[in-house]
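Heads up, there are several structures right after this.
Same chain, two partners: chain A is paired with chain B first, then with chain C.
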Partner chain A sequence: MDFMVFQYPMITVQACLDGILLGILFALIAYGMALQWGVMNIINIAQGDLVILGGYIAYFMYLYGIHPAWGVIVSPIIMYFVGVGIYKLVINKVVDRDLFISILATFGISILFMQLMNFAFGADVVLANSGYGTTFLFDSAVVLPNSKIFSAFVSIVFAICLVIYMKKSKLGRAIRATAQNARAAKILGVDTEKVYAATFGLNAALCGVAGALISITFTIHPYMGLPYTIRSFMIVIVAGLGNLPGVAMSGMGLGVFEEFADYILGTEFRIGSVFLLLVLILVYRRFKLSKKREYLK
Partner chain B sequence: MKINKLILSFISAVAILLSTSVVSFAKVVGDKIVLGAAISLTGKYSSNGVHTQNGYNMAVDRINSMGGVKVGGKTYKFEIIYYDDESNPKRAAQLAERLISQDGVEFMLGPYSSGLTKAIAPVTEKYGVPMVEANGASRSLFTKGYKYLFAVLAPANLYLDVAIRTAVELNGGKGVRIAQAFEQDAFSQDVRLGILDAAKETGSEIIIDDKLPKELNDMAATLVKVKQMKPDVLVVSGHTKGALTAIRQIAEMKVDVPMLAMTHCDAAKLSKQHGKNSQYALCASQWHKTLTYKDNFFKDGMTYAADFQKEFGYDPPYQSAESSAALLVFKDAFERANSFDQKKVRDALAATNMQTFYGNIKFAPGGQNVDKPMVLFQVMCDGAGKCENKVVAPLKWASAKLIHPIPKWSDR
Partner chain C sequence: MSKNVLLYAVILIFGLAAPFVFPAFKVQLSILCVLIVLATTWNIQGGEMGYNTFGNILFYGLGMYLCASVQVGMFFPLAEWTESGGEKTFVHTPTQFFQGMAAGLVVAAIVPTIVAGLIGYAILGLRGHYFAICTLGLGVAAGEISGGIEIIGAGQGFTTPPFPNVGGLEARGEFFYFLSFGALVLTFIAVRAIYSTRFRLILNAIRDNEDKAEAMGIETMKYKIIGWMVSAFFCGLAGGIMGGLVGYIDSTDVAFDGREMGVFMVLMAILGGKGTLWGPVIGATVFHIFKEGFWTFFLGWQYVALGVLIVVIVIYFPEGIMGWLREKYPEKFGEVIDEADRKAQVELK
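Showing the complex of A and B:
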């Protein structure tokens, strides 16, 4: 245990800002997961692997001399079609089945993607250099890499666009209708099959954006997807489905929590602390639920 | 019933056929010495696995074309049976078992990484199969009393020992303040133990001692502490992702530290991926092509590097060089043993005392190579941003002078 983070106020500020910027990025991935979880009732274990694949797209652009920030535009377009492809090949066969089957199927996709990426891109850890500088705050006591600020900013822009799209566009309305009641939507003329494909595509596109941002801010590697799946799962569990402000808040909360866990418990417990939090929240929810039941009696 | 019997006899016939053909495949056939190796051709170690395999193949071709191995007045050629261990320790142990008991291999070459070597060593030990390995540096491999395990490389605890000693020397013999961050795997933790030993001996103080997770891609917290505490040396070891993450975040957060020592810089292609940001980083390496060791097969490091480049199209990382050296050790041991008896070959291996292009090789009773110091190189960039690794320590081989302390970010 190390409480240095509280001894120096500037480190506390640093940890909070780092956590918030990181959390916004997590929230973007989690929002994709919440979207297709809500609409299709599928928990996508391959979420993190889609993120990494998106990262590789940005990385390859960088390799060919294009600034990786353009990956934020290109990657979601490619990933949309990857998502639709996965839907057509696998997901449409499990969409109405129970949760266990869909978890199994997406777990399989996750393994397949990991191995394919390893086969295609090699096992090396790679990154794309954005060349963005650094922002110094408070007399350079707090440093924020501009790449982190950039990714948070881009995440927010994409989230806002998505919210507007879901509210205003025809497809957005169809997606929301399907999420509320797929059968009723079908009766009223919504082509749910198309809606499902589009939802999965949108989710993959969001992963693509996040992946491009991760290749700019952190590193990517074929086997690094799972932590992102777990984090988004965690965020969605806390926030609930179809609750975008909730997802954003819980994303940032998780980011800050992780940063503080990193300082206090050590970096090795970073992901572990996320798991611990997940367990605590599930226990708490159950506790609350059982109380409610007593009340109903 | 009749059909069942027929099928049964057919199966047993096939089985007998297979088992005989397997036996005829064993160790020394005709003029071939068959070595077995489980290598990570897929999975997370696949890039280093391929470097290992290329190193083995290069040495096999070279030794075979230069007269092969002479045992008992007869000339033999090397041949290697490879299996893909998928970077998975369990699979590696199975494959070792299969190589020995099915394929009849009597001599083994090591896999890539300490973890996989650890999985295979008990198997080779059980069957008394001599194994020369080139890519498992973890100290724990050499404290188990294995009799048939020989490593051509220096153990992990020596990787960054030189860095600390150099820092102390430059500090006028006074102890330094060390910040360190290590991944939680066998190898990096051994590097850490080495630093602890060096710190104790030199009277240095460890002020930050962080552990890094396997899925590391953010070490901002450690670096914030470093900024606050201002240590004299920052040591980072976390395989390629550790090296890449550290350089990225040190540059982004403008962390000033007089000395930065790391492992896995060349595997991470640090200077290529990060360019000028990686400048001044000190890296531990088992080998560098500019070292002046010599042998009859590859001549010296520069020639090896040029030949390797010609054959495989890239500059050899030390993983390839040490793998090639493993074959040279085997050849030497076979000739001195003048026999294919496993015990005799084992004893000959234990008595190895030779120089290869990769370095001197002499095994301690534990099996580690004690005659080859680690080298430290520093990433140095020219004005145009082209970066190169230059050996700076030990002084005997230094091709450039160590730049210390590292200039502040504000002055670069």
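Showing the complex of A and C:
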């Protein structure tokens, strides 16, 4: 435990900037989760593993000499089909079932993916070097790798594109209609099965983008998926379903929280503090709602 | 009734004789006993109460660390013990070992119970998705945090005291087998006693419709907490025994192992049949046999198999073995079937 944060104000600035840039990435993953949660009422525990898989795609492009930034384009395309495949094989059988069934089924997928990635890519921590250099601010007191800025920028671009797509396109309208009332949408001629598949695919594609960016800015490892799932879940419950600015804000808030937890408590407690924060948020909401005689459901 | 007594007597005799009949499988049988305890106690939440928890692993791991810490801390400084790693300069005498184990198991059972009461008050008000994810978070957080605490070994792990040199090579296996078998018998008797009272009906009412149960005047929160405390008691006990049996405690790979034990207990209960007394026992036995076979012959692919198994069981077999039997032979479960009604149902389908 050290209190550098209070002695050197520049570290605070550094942590805030790092946290915000990181949080934008989290918000992108959380947006995917909110999408499938809202439309299909499924919580996908394998979300984080889809992110890591997307990261490995970018990493492999880097290994074969292609600049990993192109992963931002390639990885979502591949991940879209992976997502549709998972939907066709597993998710479509659990959509209408008990909620816990879907959690457990995706937990199974998560374990499966973890281990398959471990076989395919090895258990080393890897990163794709983008070679973007770094930016120095305030007399070199604050150091920002350009890759982080790049990834935040790309995430924002993708998020905006997706929002416009959801508003304007035919599929986007069908997805929103299904989210509002699946039965009514079916009656009015929306092929909900196709919509579900597309939603899951879109979610996987978003995970692919985020994964490619994470492999450039941070590191990836086959077993690192679950924290990303928990983070996106947390962001969604803090923001509420369908509240897009809220997702962005709480994503950045979470990023800043993590950076400070990292500085104050030490890196070994970083993941632990994320999971503990989730518990605390849920407990807080439970007591807040119980005053009004309501509960989270 | 007499048939039941006979059945229990046969199982008891088989259980007592097992380590002498199959001396090579003593460790496996002890692990099986622990697994049955975990599945049975998970069933109190997941099956009877309808609160699907991933968090019972918390009490299991807590019990494991507490038992070992008490066993060491009663006689030696704990910090020096964990620091010295595998090579120990201090050795427990047999009396010290058994005294420490007894005290450790008592602490390992009681402290998680209290913890469950406190945490339960905070989080049992959550429902559905939220409860499941919250407990998942609790289990992982406990693993990550205990992996950062120096005095219990942090990342390098914690070796539990080795079994003292009494009674030859076979004694260790027999000691742990009878310990875990005792825990199993205790759990089964306790759970069976609980299930024969009004308590089970209340838990089932909570599962079926909590709002209505509350409206009928049942203090649901009280019963949910009591149910969780019962689970925590036996999970802690099982953890303490397992710690001694394995001989080495690691924060994320042994104690708070959400990826293995935490999922196993859910899977075993579902495989056997949620919400039945015998389901988890059967499920755990079948699962353990399957798992050992797989772990031996397909080493390396076991997690792949586990993932596939979870998906397959959850999608195609959610009612479990007991549920399947119940559908096939409803008369055996005391359900009276009106033949005409059943035919009408079949025709409707």
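Assorted remarks:
Heads up, the rule we're going with is that the second predicted complex is superposed on the first by the 292 of 297 C-alpha atoms of A that agree within 3 Å, B and C clash if a C-alpha of one lies under 4 Å from a C-alpha of the other, contacts with A are read in each partner's own complex, and residues count from 1 in each chain.
Definition applied: a contact is a pair of C-beta atoms (placed from the backbone, for glycine too) under 8 Å apart; a residue touches a chain by one contact, two chains touch by 3 or more.
Remember, predicted model here, so these are calculated numbers, not experimental data.
Once chain A of one complex is fitted onto chain A of the other, the partner contacts of A:Arg286 are limited to chain C, with no touch recorded for chain B.
Contacts of A:Ile11 after superposition: chain B is touched, whereas chain C is not reached. When the shared chain is aligned, no partner comes close enough to touch A:Ala120: not chain B, not chain C. Touch criterion met: A:Leu112 reaches chain C, while chain B stays clear of it. Using the contact criterion defined above for the overlaid structures, shared-chain residue A:Ile103 touches chain C, although it does not reach chain B. Contacts of A:Ile160 after superposition on the shared chain: neither chain B nor chain C is touched. By the touch criterion stated above, A:Gly266 is placed in contact with chain B and with chain C alike. In the superposition on chain A, contact of A:Val94 is made with chain C only, not with chain B.
Shared-chain residue A:His221: touches chain B; no touch with chain C. Overlaid on A, the two complexes show chain B and chain C touching the same residues of chain A, namely 115, 118-119, 226, 266, 268-269, 271. Of all the residues in chain B, the ones that touch chain A in their complex are 42-48, 87, 181, 184, 210-213, 215-222, 224-225, 227-228, 239-241, 244-245, 248-249, 252-254, 268-269, 273-275, 277. Residues of chain A touching chain B in their complex: 4, 8, 11, 14-15, 18, 22, 115, 118-119, 122-127, 129, 134, 136, 140, 143, 145, 147, 214, 218-219, 221-224, 226-227, 259, 262-263, 266-271.
Listing the residues of chain A that touch chain C in their complex gives 43, 45, 90, 93-94, 97-101, 103-105, 107-116, 118-119, 226, 230, 233, 237, 266, 268-269, 271-272, 275-276, 278-279, 282-283, 286-287, 290, 295-297. The part of chain C that touches chain A in the complex is made up of residues 52, 122-123, 125-130, 132-134, 136-138, 140-141, 143-145, 147-148, 154-155, 259, 263, 266, 270, 300-301, 303-304, 306-311, 314-315, 318.
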